[in-house]
Each structure stands twice: as C-alpha cells, then as structure tokens.
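Next come two complexes, and both contain chain A; in the first it sits with chain B, in the second with chain C.
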Partner chain A sequence: MKVPPGVSASDFAEAIKQFEEAVGKEWVFTSDEDVAMYRDAYSPFMGEPEERVASAAVAPDGMEQVQKVVRIANRYKIPIYPVSTGKNLGYGGSAPVLSGSVVLDLKRMNRILEVNEANAYALVEPGVSYFDLYRYIQEKGLKLWVDVPDPGWGSPIGNALDRGGGYLMPQYRNHFDSHCGMEVVLANGEVLRTGMGALPGAQTWQQYKSGFGPWIDGMFSQSNFGVVTKMGFWLMPEPDAYLSGTVVVPRHDDLIPLVRILTYLEDTRVTNGMPDLGSPLLGIPMLSDFATRFESGGTPFERPLDPELSDLIAKGGGLATSALDGYAQRKGLGYWSCKLSFYGASKANAANWEFAREKFSEIPGVRFEEGENYKLPLTPEQREKVHKPQFGIPSLAMFSIGARSAMNPEPASGHMWFSPIIPRTGEAIFEANRVFAQAAKEFGLPFLSFNLPSTYWERAFIFIFAFPVTRDVEFNKRNRAAFNKLIQVAAEHGWGEYRTAPAFQDAIMNTYSYNNHALLHFHETVKDAIDPNGILSAGRYGIWPKHVREAKS
Partner chain B sequence: MRHLAKAHEKGDGMKNATVGLLAALSLMLASTAFAAPDQEQIERGHKVYDKWCFPCHGTGVGKPGTDSLVARGQKPAVLEERTDLTVPAIKTFVRHGVLFMPMFRKTEVSDADLDAIAAYLTRNNKP
Partner chain C sequence: MASRREFLQIGVAALALPISARAGLSPANSAAAGESAQTPLYKVIFDERFATSRAFAGEVKRLGASVYGIKGDITDLWFNDLDARWRKEPVAIAGLTEHGALFCLERLAWDHGMRVVYRADHTYRADGYMEHELSGSEVMLREAVNLSSSGADWSSRVASLLTRCPAVRAQASKLTVVTPAAKQAGDPEHLVSWVIAPVGAARKFSRS
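Moving on to the complex of A and B:
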C-alpha cells in the first residue's frame, strides 16, 4: 500500500482504521486493484513515474461522515482529494494533484434533495450526475430543463466547481454562475452554508444567491478551501418553443461584423441560445452538425479541403484573400456561418429571428437559412435528430469525436484540453489563429487549418484545442512540452486558460502573475489560514499548502 | 477473443498483458460449465446496464461505444445483442476501461451490480 508523502506507515494505518470506523470498512479502498480505479484515465503521465496516483480512497455517505473523515485526516495530516463523480476527464479525472493523497470519493452522496418546479431550482449532493437529475425530473413529469455539459455523466456540483458550461440560455449556461447556495465542510471539519443558507431556517437558500456580507462562493471553485457537500442550481423552465436560423456571410473579413452583431444580439437577449459558429468554405462544422455527422458515419472534424481550395490557400498565403472570397462565391459557399438559437414563446422567437436578420442585413451578400422550429417538448423522433444538450438532455455522444470511426481507425486513449479565453471579436479570432497556427507549426502540432472558438460564455470566447493522450510515453511527453509552450505563447498575448488538468495547473497559475503573483499569494494566505495542515486537495489549481511550498523552495 | 487482441496490437506491454489475461480467462471460462444466472439477477443487470452502459453502448444515434465497435467491424456492435461476451471480459472492461472508456469504480457500479450486468450481457450465451 502506498503511503501519503510525509506520513508514517503507522499513522496511515491508524488513519485508515479510523476512516473505516467513520464510513464502514467496505467503503475504504486500499488494495492496489481498487485504488487503481482512481487513476486519471486520461492522464498525460500514464505509465510514467510522474503519474499522480492515490494511496487509498474513502467514500463517505453524507455530510457528517465527510466531517469525520476530514477531522481524522487533520489529526494524522493525511492529504485528501475530494472528487464528486470523478468524470472531469480531459481536465483531471479522479486522481489527486499530489500523488499519495487519499481520494475522498463523494459518489455515494447521490441524493437529489429538492427540485422545485414553481421556482425552478434543485438542491443536490455531489454524487448526483446530470443523468440522475434529468431522469428524476422526467420521472416526476416536471417541466424543467437542466443545463448539461456535453458529457452527461458528470456531477452538476463537480462541473460547476470546475467552472464548466452548457448550452441553454446564458443565465444557465455558465454552471458556476447558475448555482445558488452551498454547504461546505471546511478543513477543520466545521460545516458552513453560503448565501441565504447561513440564516437558520432560511426559506430562500436556492432563490437568492449572495445572502448578507461577503459572497464567498467563488472561493470554493477551482480551489482547495473546502468540501462542497450540497449545492443549489437554478434550472430552466421548459420553454414554449425552440427556433434556429443560420446566418451565412460570403467573405473572410465578414467575420468581424458577424461577431459584432452577434454579440449585440446576445447581450440584448434577442438570441438566447448558444451561438454556433462554422465555416462552410473551410469545412468547419457547427456544433449542432455533429449529431447528423455521427448519424451518417462521417467525421465531426473538418472535411478534407477541395484540392483547388488548398492550392489557393497555399499559393495565396493564407485565408484572407480575394481569391478565396471569389472561390467561395463561385462555389456558392459562405465563408462563415452562425446558427442562432431562440428559446421562448413561439411568436417571440419568430420576431427575434426577424430582428436578427434585419441587423445582419448590413453585411453585403448575407443570406439566411431557416433551421429547426420545434414546439416543445420534443417528440421522440425530434430528440434523435438534435444535439441533445441544447435541449437539456444529457448524452455521451460527444465522445464520438475521439472514438474509433472510419476516419479515426486508431483512436487515442484520452485527451486533454488547451482552453484559452480570447476577446469576443472577429479580430481576436483572426489574431489567435495566426498566433496558434504559428506556434503549432513550430511545435509540430497537428491543428486544424483554422479554429473557431466556442461561445459558451456571454462576454468572451474560448478556443478549445484537443491534445490526444495515448499509451506512447514519448508522444505524451512531446505533447506535454508543446502544451506548456502554448500556455506561455497565450500568456504573452494576454490570453489565459479557463480550466486545466492537474499536469498544467501550476504552469497556468504562474501566468496569472500580475503584481508579482499577488493573486496566488492571496490564495496561499487563505489556504494557510483555513487549512493549516494543508490536507485538502494540495496543489489543486496551483495552490499548495505552506509545508509543500517550503519544501519546494 | 481474437478481435480483442487485434484491437490492442499497437498497445504497450501493460495492455498486451491485459489482453493475454483476458484470453486466458476466456479460455478457462469456455471450458468450465457454469450455472445460468436467475431471472431476477438478469433483470437487475438490465436496469444497471440501462443506467451505466446504455448511454455509450446502446442503440440509436450518438452512442460512441457502439459506434466504436461498428468501426472495428464487431457484429453485432450493441453489447446487449452479443452472445459471445464472457463474464471476466465484461468485468475487466468495466473495472479497467479501454481506450477512451474510463474505469468504473465500486462506488459507481458495485461488485453486486457488476455481477448483475455480467449476468444480463451473457444471458443469451450458449452454455
């Protein structure tokens, strides 16, 4: 049995014994076989000594048991690493940042404590998955939608704390922003509730977010300051109808007004679903194309370019040329497209789409394509055609991107995401492509010819690049090195990542260095004050406890 | 088990060892008579399968596990329709994962639930 760093074998044995008394012997895992199931299945260190692995796992079944485990861990200075469902694959998984930590597996805490239809909220424990919550709502016949990320097997709490996103209206799409109230066990075993939950007998814990005084909820996301044991979420009442329409513009430079007008329409809530960018010319599909691509057995990635087009790009020195614009016009292809989604009253959706068309009409040559128009709820046939998360339906379909297919006969065994936030302008999209294409060439990365950003957040774009993870150690080493270089390249241009896997958390936290790392120093001050033994998730998001910092220096 | 071995030809030593283990277990099982699981166990397995396996391995659009097996030429690709799966192979895949399928822990699928899944997926096997 592996022993946590800095802990004697006898102390660890005693702690394990006490964990068993706290949660029951069958819920403490110490055998190699059981502990191996807590490895990060997508670890970029798989098979290398640097792989971060657990020493044991403890699975409590309730907040009181979490308190007991935390107190025992404090007594013996055992590092523990809470995970909810452990499905943060590509950004971490279930393995600790500090090798040898004991994973605090919260999966057994899977109670849906309340779903309120009239006020559209839920209160859940960390082991509840999106599938669980969706099924519960369906079984009860409630007219509520859950904003789900692409993989539906994750935990609403875990995903929100890692600051994940989804696809519905903007106020739900940012999962941390859509939470309302937390219950947190601190490192000393004390439990607190945030927001209105601090008021005994509060009747509005899930209805008013900030309560009274400093609003500290953000401190428990992407951090290691407490173990969140309950969390409320605002759900989306099922709308009357869904409408989509696609805007197609003919020239390269039209991306700039396309984004500008889109941003205005989104910020004024004329369009309220996640916008979906694509390029008919370059074969870059929109997200909503994926479902139909999968159905037809095609690749979700960009299509191979017509040789004539490849030639034009190569000879003309890039994508912003009149020759390319001419080619697009000749072939009847738009250069860029953007699908708009509207959730709401059927007549209002039609009026909003009409207004959007008016606004986009300032772009010469723009054309519009009518899309889906569904009265909700969807029929079973309609459900099979759509990108399910855009209708609050959890799915695992997005894993088809990396799965074996005719176009991908030798799939990778995982992936890691490089996800910098860039400004929400067309100019920034061009600039980021220029910078990352140059970096990709330099570092030998097979990026697409052009990348369009994801539009989860209202006020910024995210570029999301997938790095494959394989069982080839040398390949993974090269990709880790390239990933680290991209972090630096992005930071030099004022772009920072929104989330990352443990392998890169220190490197990225180091780029958020304004005023000599003042923000990190604040995190460390808080960490030392509320977790003096440094037992909780040491190293998570670059925040290390004092004893580790001192040992490193 | 040949197709399994083939799928991992490019894997590393550890994976080849897993395949070897699987093959050995499979051969062992094939030569051993086993009692048919009872109906209650199969029904329990069906429920657990629907919760944990169907979203990836079921029928319909957007089931990456099924799509992946189709791409490998597996017929049938839907696990519920197979008659050649073995209990040790099912347990190994669930507990160890394969390619982009991660391992499933005992707090997700208990040993008893895994026994039930195995009973369900082998219900149509010829003894």
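Moving on to the complex of A and C:
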C-alpha cells in the first residue's frame, strides 16, 4: 500500500483504522485492485512514474461521516481528495492532484433530496449523477429538464464545481451559475450552508442565491477550500416547443457581422439555445451534424477537402482570399453557418426566428435554412434523431466516437483539453486561429487548418483543442511540452484557460499573474487560514498548502 | 505473410504462471473450460453496425444466450436495462463491440462490484491476418487457442468462448494469437470481446 507523502506508515495505518471506524470497514479501500479504480483513465502521464495515483479511498455515506473523515485526516495530516462520481475524464477523473492522497469517494452520497416542480429546482448530494436526476424526473412525470453535459454520467455537483457546461438556455448552460445554495464541510470538520441556507429554517435556500453578506459560493469551485455535500440547482421548465434555423453567409469576412449579430440576439434573449457555428466550405461540422458524420463512417476530426479547394488554400496562403470566396459561391457552399435554437412558446419561437432573419439580412448574400420544429416533449422518433443533451437527455453516445484519425490516433487512450477563453468577436476567432496555427506549426502539433470556437458561455468564446493521450510515453511527453507552450502563447495574447487537467493546473494558475500573482496569494492566504494542515485536495487548481509551498521553495 | 512464430505467439503472463510452462495449449485440452461451472450471462452485447459482430450474435443466440444490439452507443442498454438489473444484483454480461462500449460498461460495472474478467482485442492487420490479444484466466486462454484454426469465422469461436467463461475468477494471463482473417466490409479495424462478471470481494456502490 502506498503511503501519502510526509506521513509515517504507522500514522497512516492508524488513520486507516479510524476511517474504517468512521464509515465501516467495507468502505475503506486499500487493495491494489480497488485503488486502481481511481486511476485517471486519460492520464497524460500514463506509463510514467509521475502519474498521480491514490494511496487509498474512503467512501462516506453522509455529511456526518465526511466530518469524521476530515477530522481524522487533520489529526494525522493525511491529504484527502474528494470526488463525486469521478467521471470528469480529460480533467483528471478521480485521481488526486497530489500523488498518494486518499480519495474521498462521495459516490455513496447519492440522494436526491428534493425536486420542486413549481419552482423548478433540485437539491442533491454529490454522488447523484445526471442520469439519476433525469430518471427521477421521468419517473415522477415532472415537466422539468436537467441541463446535462456530454457525456452525462457525471455528477451535477462535480461538474458544476469544475465549472462545466451544457446545452440548454444560457441561465442553465453554465452549471456553476445555475446552482443555488450549497452545504460545505470545511477542513476542520465544521459544516456551513451558503446563501439562504445559513438562515435556520430557511424556506428559500434553492430560490435566492446570495443570502446576506459576502457571497462565497465561488470559493468552493475549482478550489480546495471545502467538501461540498449538498447543492441546489435551478432546472429548466419543459418548454412548449423547440425551433431551429440555420444562417448561412457566403464570404470569409462575413464571420465578423455573423458573430456581432448573433451576440446581440443572444444578449437580448431572442435566441436562447446554444448557437452552433460551422463552415460548409471548410467542412467544419456543426454539433448537430456530428451524428450524420458518424453514421457515414467519419468523425468531426476529419475534414476531407476537395483537391481544388486544398490547392486554392495552399496557393492563396490563407483562407481570406477572393478565390476562396469565389469557390464557395461557385459551388453553392456557404463559407460560414450558424444554427440558432429557440426554446419557448411555439408562436414566440417563430417570431424570434423571423426577427433573427431580419437582423442577419444586413449581410449581403445571406440565406436561411429552416430546421427542426418540435412540439415538446419529443416523440420517440424525434428523440432518436436529435443531439440528446440539447433536449436535457443525458447520453454516453460520445464514447462511440472511435474512428482513428490524425487528431485521434488511439481512440482508446483518451485526450486532454486545451481550452482558452477568447473574446466573442469574429476578429478574435481569426486572430486566435492565426496565433494557434503558427504555434501548432512551430511545436509540430496536428491541429486542423481552422477551428471554430464553442459557444457554451454567454459573452465569451472557448476554443477547445483536444490533445490525444496515447500509450507512447515519448508522444505524451512531447504533447505535454507543447501544451505548456500553448498556455504561454495564449497568455501572451491575453487568453486564459477556463479549466484544465491536474497536469497543467500550476502552469495555468501561473498565467493569472496580475500584480505579482495577487490572486494566487489571496487563494493561498485563504487556504492557510481555513485548512492549515493542507489536507484538502492539495494542489487542486494550483493552490498548494503552506508546507508544500515551503518544501518547493 | 505471418511466420510460424507470429502465428501463435505466447504473450506475457501478467500475473500467473506462464501458460507456456504448462502442457495445456493444444485444443485437446480445451475441454477444461467446459468442465468447470460457467458464468451465466444475463445479456451478450453486439454492435448491429458490423457484420462480424452480427455473425457473433447469431452464434450466441444459437448457443442459447440472450443478445442485445447496440449501434456504438450503450446509453439505452444501460439506462433502460442494465442499471435497474444491476441495482437488484450484479449479473454478468459479455460482448463483441468497439472499445468505447466496453470502456463505458466497465466503469459502470465497477460500482456494482463487477470487473472485466476476460478481454480480447481483435485487430485486423494490413497483411490479411488478425491479431487477437487476449487477457483472462488460463482456462479461457487455452480455449482461445482454437481461434488459430477458425480462419474468417473467428467471431463464432469468440461466441463459443464467451458463453463458456468459467464462473470462478482466476489470475489473469495474456496470450496473443495471429490468425488469417478477411476484413468484412464496414467492420472497424479493431473490435473487443469481453466478459464483465461479479467479483465477490469487489466494492458495490449501488443503492436500489
């Protein structure tokens, strides 16, 4: 059995014994086989001694048992690493940031404590998965939708605390923003409730977010300041109908007004679903085209181009040329497309789509394609055709993406995401592509010729690049080095990542360095004050306890 | 052209005694799998998109086991069937699928006290041969040697093998077999056959 760093074997043995007394012997895992379940399936250190692995795992069944575990960990200075369902693959899974930590597995805490249909909220424990919540709602016949990520086997609490996102209306799509109230066990074992939950007998814990005084909920996301044991979420009432329509524009430079108008329409809630950008000319599929791609044996990672087009791109030295615009026009292909979605009353959706068409009509040559128009709930036939998370239905379909490509040489081995936030303008998309294409060339990365950003968030874009993880140690080393260089390149242009795998959390936190790392110093001050022994998730998101910082320096 | 050496390669014995150290590699000894108690299979999963997997399912049905077809995605299988079944009690499943389906099912099974007890990666090679990398109990691997005489009909042999998986979990060994195999139109380069079964001492997180 591995022993946590800085802990004697005898102290660890005593702590394990006390963990067993606290949660029951059968819920403390120390065998190699059980502990191996907590390995990160997508670790970029696969096959290397640097892979972060747990020493043991403890699975409490409730908040009171979490308190006991935390107090024992404090007594013996055992680093512990809470996970909910441990399914955030690509961001570390259930493996700790600090190797040798004891995983605090919250999967047994899987109670759905309340779902309120009239006020559209839920209160859940960390071990509840999106599938669990969806099933509960379906079985009770409640007219509520859960905003689910893709894939949907993770935990609403875990995903929100990692600041993940989904596909429904903007106020639900950002999963941390859609939470309302949490219960947290602190490192000393004390339990607190945030927002209205701090008021004994509060009747609005899941209805009013901020309560009274400083709103501290954000401090428990992407951090290591406490163990969240309950969390409320606002759910989306099932809309009357869903409508989609696609805007297609003919020229390269049309991306700039396309994004400007799209942003206006989103910010005024004329369109309220996740927009879906693509390029018919360059073969960049919209999300809604993914299923068709798979059915035809392809993947979104492959973009077979017509040889004439490839030749034009090569000769023209880029994508912004009149020759490419002319090619697109001759072939009847749009240069860019954007699918808009509307959730709401059927008549309102039609009116909003009409207004959107009016606004986009200022772009010369724009054309519009009618999309789906569904009265909700979906029929079983409709359900088979749609991208399920856009209708609040959890799915594991993305794991059936198995085909090999240059971008995905070993589909079985996983990936890691490089995901910088860039401004929400067409100009920024062009600039980010220029910068990242140059960097990719320099670092020998197989990036595609052009990428479009994801539109999960309001107000900003995220570029999401998948770095494959393979069984080839040297390949992984090169990719990690390139990833670290890209972090620097992005930061030099004022772009920072929104989330990352443990392997890169220090590097990214280091780029948020305004005023001599004042933000990180604040995090460390808080950490030292509320977790002086540094037992909780040491190193998570670049926040290390004092004793580790001192040892490093 | 595959050499004799490639044709039947004995791989690394991961945890157990090397298989080659025993005299059990000939088909004559393969009755061993049939002699011990077999793992009852609740469902055998196949991928409707692939001819080889469909042929596998046909043989499984002929052998009397229940089959379930997927098209890559296991969501419906799990959400509408396995989740409820496994909450009642862990029961074994097997399949011939792409890796993604096994990846998901394995992780979902872990929380119900189950493990992958047998796995074989079947990879088509450019030279008209197929490489079968197997990992499982020695009894299973002895049986798997029959793949070497299966030719293009390897999926039927896999069906027979999986439906005769021993009920007792043994230490895992590894074996690589290379066989002639013509790739069926539409088949992926790589398929996986597997058995997921309850393991007595494994943790169970399910709350019914």
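Heads up, the rule we're going with is that the second predicted complex is superposed on the first by the 537 of 553 C-alpha atoms of A that agree within 3 Å, B and C clash if a C-alpha of one lies under 4 Å from a C-alpha of the other, contacts with A are read in each partner's own complex, and residues count from 1 in each chain.
Note that contacts are C-beta pairs under 8 Å (C-beta built on N, C-alpha and C of every residue); 3 or more make two chains touch, one makes a residue touch a chain.
The structure displayed is predicted, hence computed values, not measured ones.
J.: Using the superposition on chain A described above, determine whether A:116 touches chain B (first), chain C (second), both, or neither.
T.: neither
J.: Could you tell me if A:471 is touching chain B, chain C, both of them or neither one (first, second, both, neither)?
T.: first
J.: Output check: A:382 vs chain B and chain C. Expected answer is one of first, second, both, neither. What do you get?
T.: After superposing on A, A:382 lies clear of both chain B and chain C.
J.: Where does A:171 make contact in the superposed view: on chain B (first), on chain C (second), on both, or on neither?
T.: Neither partner.
J.: After lining up the shared chain so the two structures overlap, which partner does A:131 touch, if you call chain B first and chain C second: first, second, both or neither?
T.: In the superposition, A:131 touches chain B and chain C alike.
J.: Thinking of the overlay built on chain A, is A:39 touched by chain B (first), by chain C (second), by both, or by neither?
T.: first
J.: See if chain A has more residues touched by chain B or by chain C, and give me that chain.
T.: It is B that touches the greater number of chain A residues.
J.: In the superposed arrangement, which partner chain does A:346 touch: chain B (first), chain C (second), both, or neither?
T.: After superposing on A, A:346 lies clear of both chain B and chain C.
J.: What is the contact status of A:47 with respect to chain B (first) and chain C (second): first, second, both, or neither?
T.: So A:47 only meets chain B here.
J.: Residues on chain A in contact with chain B in one complex and with chain C in the other?
T.: Touching chain B and chain C on chain A: residues 27, 29, 33-34, 37, 41, 59, 87, 107-108, 127, 131, 153, 294, 388, 394-397, 399-400, 402-404, 411-412.
J.: What residues on chain A touch chain B, complex-wise?
T.: Result: residues 27, 29, 33-34, 36-39, 41-42, 47, 57, 59, 85-87, 89, 93-94, 105, 107-108, 127, 131, 152-153, 291, 294-295, 384-385, 388, 394-397, 399-400, 402-406, 408-415, 471-472 of chain A touch chain B.
J.: Please output the residues of chain A touching chain C within their complex, sorted ascending.
T.: So the residues of chain A in touch with chain C come to 26-27, 29, 33-34, 37, 41, 59, 87, 107-108, 110, 127, 131, 135, 153, 294, 297, 388, 394-397, 399-404, 411-412.
J.: If we count contacts the way the header does, which residues on chain C are in touch with chain A in the complex?
T.: Interface residues on chain C, with respect to chain A: 71-75, 78-79, 83, 98-101, 103-104, 107-108, 110-111, 115, 186, 188-189, 202-203, 205, 207.
J.: Name, in rising order, each residue of chain B that touches chain A in their complex.
T.: Counting only chain B, the residues touching chain A are 10-12, 14-15, 51, 55-56, 60-65, 67-68, 71-72, 95-97, 99-108.
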